[in-house]
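Chains: A, B and C, in written order; residue numbering restarts at 1 for each.
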């Protein structure tokens, strides 16, 4: 009896394995354009849920192509999986999603397909300059931008008003004054929180013209002493010193959700994509939140920076590159874009940012503010010329480690932390075969 | 049974049959454990660079490891954790086993099941539950703080390890309790009766009959507990994203460090060296604890 | 130790060694520990009844404004095209096949170790027991690379094959066989001309039933709770077991980007995941104890 169960179970496994075994297509792609004469299955790794919205339209266009969108994990999980697949030589997807900062890690060692062979440069001018800069590494396009995260100020209008701040701070000096007023509300009230969030600090540096990383091929320079960087670091140090930022609560934690919900965290300096997730994190604050441009370093300026965003690339080992590019172009640039935008995607394509319907989007949660007007403007204002070091994924984790003493128990200064971080990065980068100084 | 008859019988068996019976296990064991361990040892001699590929570096990874303060930080943390948590857990388990075995509880069966139940809960679920419950904003600690006007934070850098201890103790005390309880149940009841006739009270019975009967189980539980705590991974890994400012670094425990080295820093050779050193360390400690128990087992 | 008035009212002669006087103090002390054991599960049950909004805004050990348990259950089974049901089936597949095969191999191997002599037996035992202390991480990376060479990562085999090996089960089976299967019985069967495998199947195996159930149960729990191996081996959510699926859902809300915050589903899914285990525990609990007795007793 037991044996029969066992046999049945083994048979089940065998069937399941057989079923999965027949999905891949191993034929070499034909050289001229997208093959239409044979069935192709495209594997797309994406944790951006809007990508699947573009699939039905594409499959109608190419009846021989089936698109399989898989969530192979978010961020580092996916990169690890991809690296493993590349190493193992099997299971490499045809398209994979990358945060902008992670592209160089795969592009520089030759793990991604140079998209200029498909004429990707021709559509460069359709995008926000800074976004195209993100996907261009050593002068070649390795991905198409699929999602954008211009930094903006999300503020709880009710809490700011209670503190006596009637208009959103337009400069960092105003932000500082506002922070003091919010803190004066007492208790746990802070204008914002920061617990070792490197992207927050970098977005301030980026906006003010600091360019701490320079990358040229495998040569990387790290320097936290240029004027823009120093100004931002000193400013944030002042915020920390005067206890104007809640350093006990880190982003994406449950404490954070609660702080946003009850109003003890009054603002977030964060990417535009935050529109989609703030409402579910702070349901009790519905109607109170608004979005403003990032405060400026000098009154009257209109500079900006990124916090997040992602692109889609074709791994060098992908099997159906022509078909993959066809879909890639379709859902990041072509007709597949609209269904994704309808599902909430925020794409740095200029025609989209100027689209009236897009700009007219409102949400009760944000008090029916036409927030895309702010975000579209912020996208166009993003300062260009920013580079991430290729090992930024590692560096980000390392930053959490080295900044822990500062944020946990107030030991040292931000400048010390950056110096230690730089030394660690130099050590690691050189070990990994880059030339870092 | 006496050893002479056993040996006499065994002489007549054909050695090939034994090999045949053990073969399926042995072959798979070779495939999923021995070969990977060997391969791990092999890659620990290499450095996989993002630029320039794989390079043989000899014992460099090991030398680097022994000079790596982050490795010591994590290793010391788990050793201290083990030295504190394991005794607390095992003493609780023994106390519970004695209490349940004494038959003096109202609802013996109920307690036996309830205490063992947490063992069935996957680490991901238990960490989520405890992580949410101990969060300072709400849950138990939040309301205790509110009532007492204190500001105790179970996930501050100084206290996170204690909270992890609470989770691990929660998950495994019942398992150890059951091992002790099973050993107590195996003591012949007549022994107690004889002792009682000789005038022994309950304390004497515990001291001179029950506790000595637990010695064998203690060896097993100590070894398994040490192995378990040295491999601490799931709780800090899941907590790191769940709670704020917990002080959990990427090298918080050696296992977490190895995982992060391999999967966020692509330093697989270094990670392999770390894993091998931890494995040898664990085996050495387990062996010291086990040495007496093993002898008895093998001489049987 | 004190006793309650109700127990005092009973005739004293009823208290024997096998039925001693109950102690309230001892019960209360043990009760404290039981409370510690139960509390998180109470929390889980309470919070599985909350909607996402209630979860964020209400006190942890109190019910929310609405009772959303059924809603949550329905959502768990419909979210992402109902992938939760798939995860449940995957887990059942891994558990059933893995536990049966590993128990059978452990029984066969344990029997060989206890009743047969062969070359390298002691070394084999030492290696097998030593392998228990090798960290999972040390194995995971090379196992992954090895399996990738064979093309079985991202298939059920990557989870099943490692789960077939249960060193602790082998140890339990070996100790139990040594005690429960008399040598004389085997010898008698041999004299009757029975083949070795038939002796194992018809004489030894039935005697091993209690230990078999124990090893089955342990395999069941360890495979059901398996986390690290599938985390590394599987990338296609279609093959995820429940533990990885829940973790992925949980991470959805804590990863920067377009993630969805679905803590209510994470919690309800957690509850649904542990229910089968809790049932297995409650219904089969006597086997745990009987089997553990074997491994624990010295000599």
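Here, a residue touches a chain if its C-beta (ideal position, glycine included) is under 8 Å from a C-beta of that chain, and two chains touch if they have at least 3 such contacts.
These figures come from a predicted structure and were not determined experimentally.
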Shared chain contacts [chain B and chain C, defined touch]: A
Pair of chains joined by more contacts [C-beta pairs], A-C or A-B: A-C
CA centroid of chain B to CA centroid of chain C, Å: 15
Distance from the mean Cα position of chain C to that of chain A, given in whole angstrom: 39
Multi-chain contact residues (two or more partners), chain B: 132, 135, 138, 241-242
Residues of chain A touching at least two other chains: 252-254, 258
Sites on chain C at which at least two other chains make contact: 145, 251, 254
Touch list for chain C against partner chain B, complex: 1, 17-24, 26-27, 29-31, 33-34, 36-41, 43-44, 47, 59-61, 105-106, 108-109, 111-113, 115-119, 121-122, 124-139, 141-143, 145-146, 161-162, 164-165, 167, 170, 175, 178, 183, 186-187, 190, 196, 200, 221, 224-225, 227-228, 242-243, 246-247, 250-251, 254, 266-267, 270, 273-274, 277-278, 280-282, 285, 288-290, 292-293, 295-299
Touching residues on chain A, where the partner in the complex is chain C: 2, 5-6, 9-10, 12-13, 16-17, 20, 45, 47-50, 70-75, 77, 81, 84-85, 87-91, 99, 147, 199, 251-254, 257-258, 261-262, 271, 273, 276-277, 280-284, 308, 310, 344-345
Complex contacts: residues of chain C adjacent to chain A: 52-53, 56-57, 93, 96-97, 100-101, 104, 144-145, 148-149, 151, 153-157, 160, 232, 235-237, 248, 251-261, 263
Chain A-facing residues of chain B, complex: 47, 49-52, 70, 131-132, 135-138, 153, 156-157, 241-245, 247, 249-251, 260, 263-267
Sites on chain A touched by chain B in the complex: 76, 80, 83, 105, 108-109, 195, 218, 247-250, 252-256, 258-259, 390-391, 393-394, 397-398, 400-401, 404, 407-409, 428, 431-434
